[in-house]
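Quick heads-up: structures coming right below.
Below are two complexes that have chain A in common, paired first with chain B and then with chain C.
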Partner chain A sequence: MEYAVESIDLSKAYGSNVALDGLNLKVREGEIIVLLGPNGSGKTTFLQLISTVLKPSGGTAIVMGHDIVGEPLKVRQVATISFQDPRGFWRHKPSHILSFHASMYGVPGQNRRELVERTLKEFDLWDSREKKFMHLSGGQAKRLEVAKLFVHRPRLAIFDEPTTMVDLDGKRTIWDKIKQLREEGSTVIVATNEVREAEYLADRITIFAKGREVVTDSLSNLKDSVRGGDVVDIEFAQPVTRAMVDELSSVRGTAKVSLVAEGRLRVQVNRSEDWLPEVTRRVYSMGVKLSSIKVTEPSLDDVFMQYTGGGGP
Partner chain B sequence: MRQEGLMLRVFMVDLSYFFRTKWLVFTLIALNLSDMFVTGLVYSRMMSFEYFRFFVPGVVVAGMFAAALDVGRRVYLGLTQGVTQYYLSLPIDLDAIVLAHILSAGVGGMIYGGVLLAVAMAAVPGLASPSTLVIVPFMFLLSMGLSGIAAVLNLFSGGGDRYWVFAEGMQVAMLGLSTVFYPEQAMQAYLPAFAVEAVTLNPLSQVAGALRGVSPAGFGASSLALMALTSLLLLAVGFVSYRHVFLKVRLLGKVQ
Partner chain C sequence: MMKAGLGTMASLLAFDLREAFDSPLWVAYFWLFFAFQFAVYGSLMSRLVVSMDHYLFYYGTGLIVLLSFNVASWAGRRFVESAHEGRLRYLLSLPLGRNELFFEQVVLGVAVNLSRVMPPLVFVLWASHLLTAGALLYSVLVLSLTAVGIIGLMVSLSVIAFRSFDMYSAIVAAASALLIRFSTLYYPVSSMTPAYGDVASANPLSYGADLFRAVIGLDVSPLLDPRVALAVMLALCVGTVFMGTFFMSRMVEGVKSS
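Entry: the complex of A and B
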C-alpha cells in the first residue's frame, strides 16, 4: 500500500531532551489523521520534521515518495504546514500574505487575485483585508495562517492546532474546510489538544505521549479497545438477586457489576454490542423481565486516559 | 517554479519591509540630511567649504551603510516572529533565501545611498558630474557586502535582543574607524598603527575615498577595484553566515 507519509525510526533531540523518540508512523493517502497528545508529546516536532522545517537527529520519513533528509525541496513542493503560531509579514495586509504564499507555489498571477479574495471571504477575513498582519486579532491571524493552505491546496496538508484562538463559528468553518480539502484529494494531518476537534475530523487518531506513538486506530476501534469502557445501565422489573449478579458477571466481556438501586445494575463491559445479546438471552432463560437498557460509550477522554495513564490532551 | 523566480519574490518582500518602515526611513533621512545641511549652514562660519566637501560624501556612505545594515534588523525580526521558519517551509532552496536577503540589502543600500548621492551632487559642485553615477553599481555591490556584517551580527547575537547592542557597537566602530567623517591624517595623528591599518582597510573608507577623489574623468580604477574586491569578500562572509543562521534554525528550531 502507498502511504502519504511513512516515518522510519524518526527522532529529534535537543541536547539531552528527546522530543521525538524513534517514531514509526504511517499515514494513508487521502485520509485525515489526527495526532492527539498532551503538550510536549512530540506532535509539533513531528509535523515540523515531515515538512522539513526541522532536521531530524535520526531516522527519516518518506513524504509522498520523497525522503525528508535527501530531498527536502521536493517534499516542500508537495507538503505545506500551517503553523501553530501564525507566521506572517507584520507590515503586510492579509491579501498580500496570501498572494505571496500562492505565488511561492506557482499559482498563476491572473488567478491569484480572485483566489485570494474568495479565500479571504471563506475564512471571514474580508472585512479585515486592509489591516496589517500585526493589527489582526489572535483569531484572525490564526484563520489567515490556516487559509494559506487553501490558496494552493497541497497534496499533503499539515495543520498544527488549526483552531486555537478561533471562536466556535470559526472552528466549524475551519473543520468543514479541512474535510473539504480531503474530499478534493489531499491527505491531511492535524495535531490538536481538542478532543472534540479530533472526534469531528479524524478518520484515524494517533495518540502521542513522551515523544512516542502510543496507538493509532479509528475512533470507534479506539473506543472499543477501552477495557470496561462501555457502561450498560440495566433496569429489571423485579429486585436484583445474587444469582442474577453472578450470571451477568460470568458473561464474557464483563469488567465490573455494581448494584445501583434495588432493581438496577450498572455493568462496565468491553464491547456492548457483543455483550448485550448474550445477556438478554441469559436473563430470558432465567425468567427475569427487563424494564430498560441504556448504553453509554466511552469518550475519547477515556481512550486517552487508558493509553497515556492521564495527563489529559 | 524556478528557484530564481521564488528568490525574487522573497527579495521583493524583504526589500518592501525596509520601505514599509516609513518612520525608520524618515528618521534615517532626517538624520543624514540634517548632518549634511547643519554642517553646511550652521557651522559655515566655523568650518571651511573644504570640510563640507569632505563631509558630504561621508554622509552618503553613512546612509548607505545604515540602509545596507538594516537587513540584519529584518532578519532579526524574521527570527523572532517566526517568518524565518515560514520561509524554511516554502518550496525554496536555502541558498536562494540567503541570496534574496543579500540582494535586498544591496538594492536597499543603493537606493538609499543613491538618493543621498543625488542630494550631495546638488550640494557639492565637485560631485555634480555624470561620471559620479559610475559609483552607484559599486554602492550596490558594497551594500551587499556590508550585509555580510549584519549577517555576522545575526549569527553571534543568536537572534536575541543582543542584536541591537551588537549592531549599535558595530556601527560606531565601523564609522569611527573610517575616513567617513575624519581625514586619514587626523587618524594617523591620534590612533595607533594597527587602528590606522583598520581605517585604511575599512570598506566605508574606500567608498568615501572614492567619492572624494571623483573627477570629471571619473573614478580611479584601482579604488573601484579595491572596493569591489572588499565587497565580494564581505559578501562571501555574509553568505556563509546567513546560511549558518538558517541551518541552525532548521537544526534547533531557533538560533540559540
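Entry: the complex of A and C
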C-alpha cells in the first residue's frame, strides 16, 4: 500500500457553503503531513471526513485501504482523530476517559491501567487524574485530547491543531510524542495554524485555501519555490557602481536588486545556493572585493503568502 | 486486537452509566419529586375524583409512566446535547457501528429509566397490595417498552436539532405536553368526554400507561384493551427503533461546533 490516505474528488458542502471542493490528496504511509491553511480553508472538514465523523457530499477517500463511504467501520478501526476543541465529557475524570478510549480500541484490561498511568505522566496530567474534565484548564483538556491517541497508537493518527491552548513546554512534549508516533510506524496528519509547528513536524506540507489543495511538497522545496524568496545582502569593499548592479541583475535567478547603502546591495534571488557561486565568480572577474555576504531564506509565512495570496495561516 | 461490536458497545455503556450515576443526589431528588407528587397531589386529586375507587393508585401508576416518559425523553435529549457539546463527533469517530451506537443509547436510557423508577414502582405496588414477582417483572417490561419507544422517537427527532436546537426544543416541549395531557396518565378514557377520549385513544402514551396498569393487576374495566395496547406499544417500539437506526446510519454526523 503506497498511500495511507488517498482522497478522490472529495467534497463536502453545507447547503450552498462548499467547505471542501473536490480534493485529491495523497498521504504517504509513514510520513507526517501537515495541513496549513487559513481559517475556513477546509482542513478540519477534511480530517473529519477521513475519520468518518462527517459524510462526504461527493467523492470518497481510501484510508489504509478502506473506503470511507463503503467501509467506515474499518476506517475507524485504523484511524483515530484528536479534535481541535476538547469537549463533552464534563463529569468524567482524565483516567476514566483514557481508559475508556483504550478499551474501545481493544487494549486488554491488564495493560490498560499501566498504559493510562504512563500516558497521564507523559502528558503532565498525572496530578489532575482525579479532577473532573470540567475542572481541567484549557491546556490540560487539550493535552488529554491529544493523549488519547497514545494509549492505542493508531495506524493513522490525525491531529487537529494539537497544541492550541498548550504552553511552550507542553507544545514541545506533544511535538516530540507525535514524531515518536511516526517513528513507531504510524502515519500522521496534523492540521495547524502554527507555522513553527509545521516546520518542526512536517515531512511534507499541504497548503489549503478555499476548500482546495494549493500545493503539497517538502518544506525545503516549498521554500525554494518562492520566487525571489532568498534575500542576499552583499557588502562590498568599495562603492557600488551601475556596472556592478547591471552585472548582478543579469545573473540567472535574480529577481530584484536594491541599493541599500553606498557599498551594500540587497538582492532577491530564487535559489541562493545556485546563484551565489556564479555571482562570486563574476564579482571576482570584475576585480571587485567583497566584505561580507549574508543569506536569509524565506520563511514558511512567505511560502504561505505566495500560495494563498495572504490571509495568514 | 479490535474488540467485537458488542464489546465496544458494552464499554461505551459502562462509560455512560458511570456518568449517569455520578450524582446520587440527583437520583434522590428524583425519588423525592415522586414522593411529593404522590403524597400531596395524589391525595388531593383522589379527593377530587370520586368516580373511581382507589384513584390514588391509578394516579400513582400514571405518575410512574410519566417519570418513565421523562427519563426516556432525557435520554433522547442527551443524544442531541451530546451533538452540540462536541461529544457525538467523538463517539462517531470510535470503532463502533452507527446502529450499535443507537442501541447503546437505547439500552442506556432503559437502564437509567429502571434505576429511577424502580423504587417508586415497588412502593406503589406495595402500597396497593399488588407487589408480586410477576407484577414487578411485567411492569419492568412494559415500562422498558415504553422507554424504548420514546427514546427512539426523541433520537429520530434529533435530526431536526442538527439544524436548529431551538426548533427541536420547541417541538419536543410541545409534543411532550400534548402527549402527557391528552393521555390516560391521570384519567381513564371512560371518564373523559368522547372527543377527549378519542384523542387519548390515539395517543401511544395512553396505551403504555394502561398496559402497565393491566399487567400489575389494576381493574381493567376503565382501561384501553390490553391486547390492543400491547400491539400499539410493540408497533411504537419497532417503528421508532427502525426510524432511529435509519436516521443514525443515514443522516447523523458530528455537528459543527457553534
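To be clear about the criterion, the second predicted complex is superposed on the first by the 310 of 313 C-alpha atoms of A that agree within 3 Å, B and C clash if a C-alpha of one lies under 4 Å from a C-alpha of the other, contacts with A are read in each partner's own complex, and residues count from 1 in each chain.
As a working rule, a contact is a pair of C-beta atoms (placed from the backbone, for glycine too) under 8 Å apart; a residue touches a chain by one contact, two chains touch by 3 or more.
A quick note: this is a predicted structure, and the numbers were derived from the prediction, not measured.
When the two complexes are overlaid on chain A, chain B and chain C occupy overlapping space and clash.
Once the two complexes are laid over each other on the shared chain, residue contacts for A:Arg76 go to chain B and to chain C alike. In the superposition on chain A, A:Gly106 makes contact with both chain B and chain C. Applying the stated contact rule after C-alpha superposition, one finds that A:Phe89 touches each of chain B and chain C.
On chain A, the surface touched by chain B in one complex and the surface touched by chain C in the other have residues 14, 48, 51-55, 73, 76-77, 80-81, 83, 85, 87-92, 100, 103-106 in common.
Residues 14, 48, 51-55, 73, 76-77, 80-81, 83, 85-92, 96, 100, 103-106 of chain A touch chain C in their complex.
Those residues of chain B whose C-beta lies close enough to touch chain A in the complex are 1, 6, 9, 13, 16-17, 20-21, 77, 81-83, 85-86, 88-93, 250-253. Those residues of chain A that touch chain B in the shared complex are 14, 48, 51-55, 73, 76-77, 80-81, 83, 85, 87-92, 100, 103-106. Residues 1-3, 7-8, 11-12, 15, 18-19, 22-23, 82, 85-90, 92-97, 253-254, 256-257 of chain C touch chain A in their complex.
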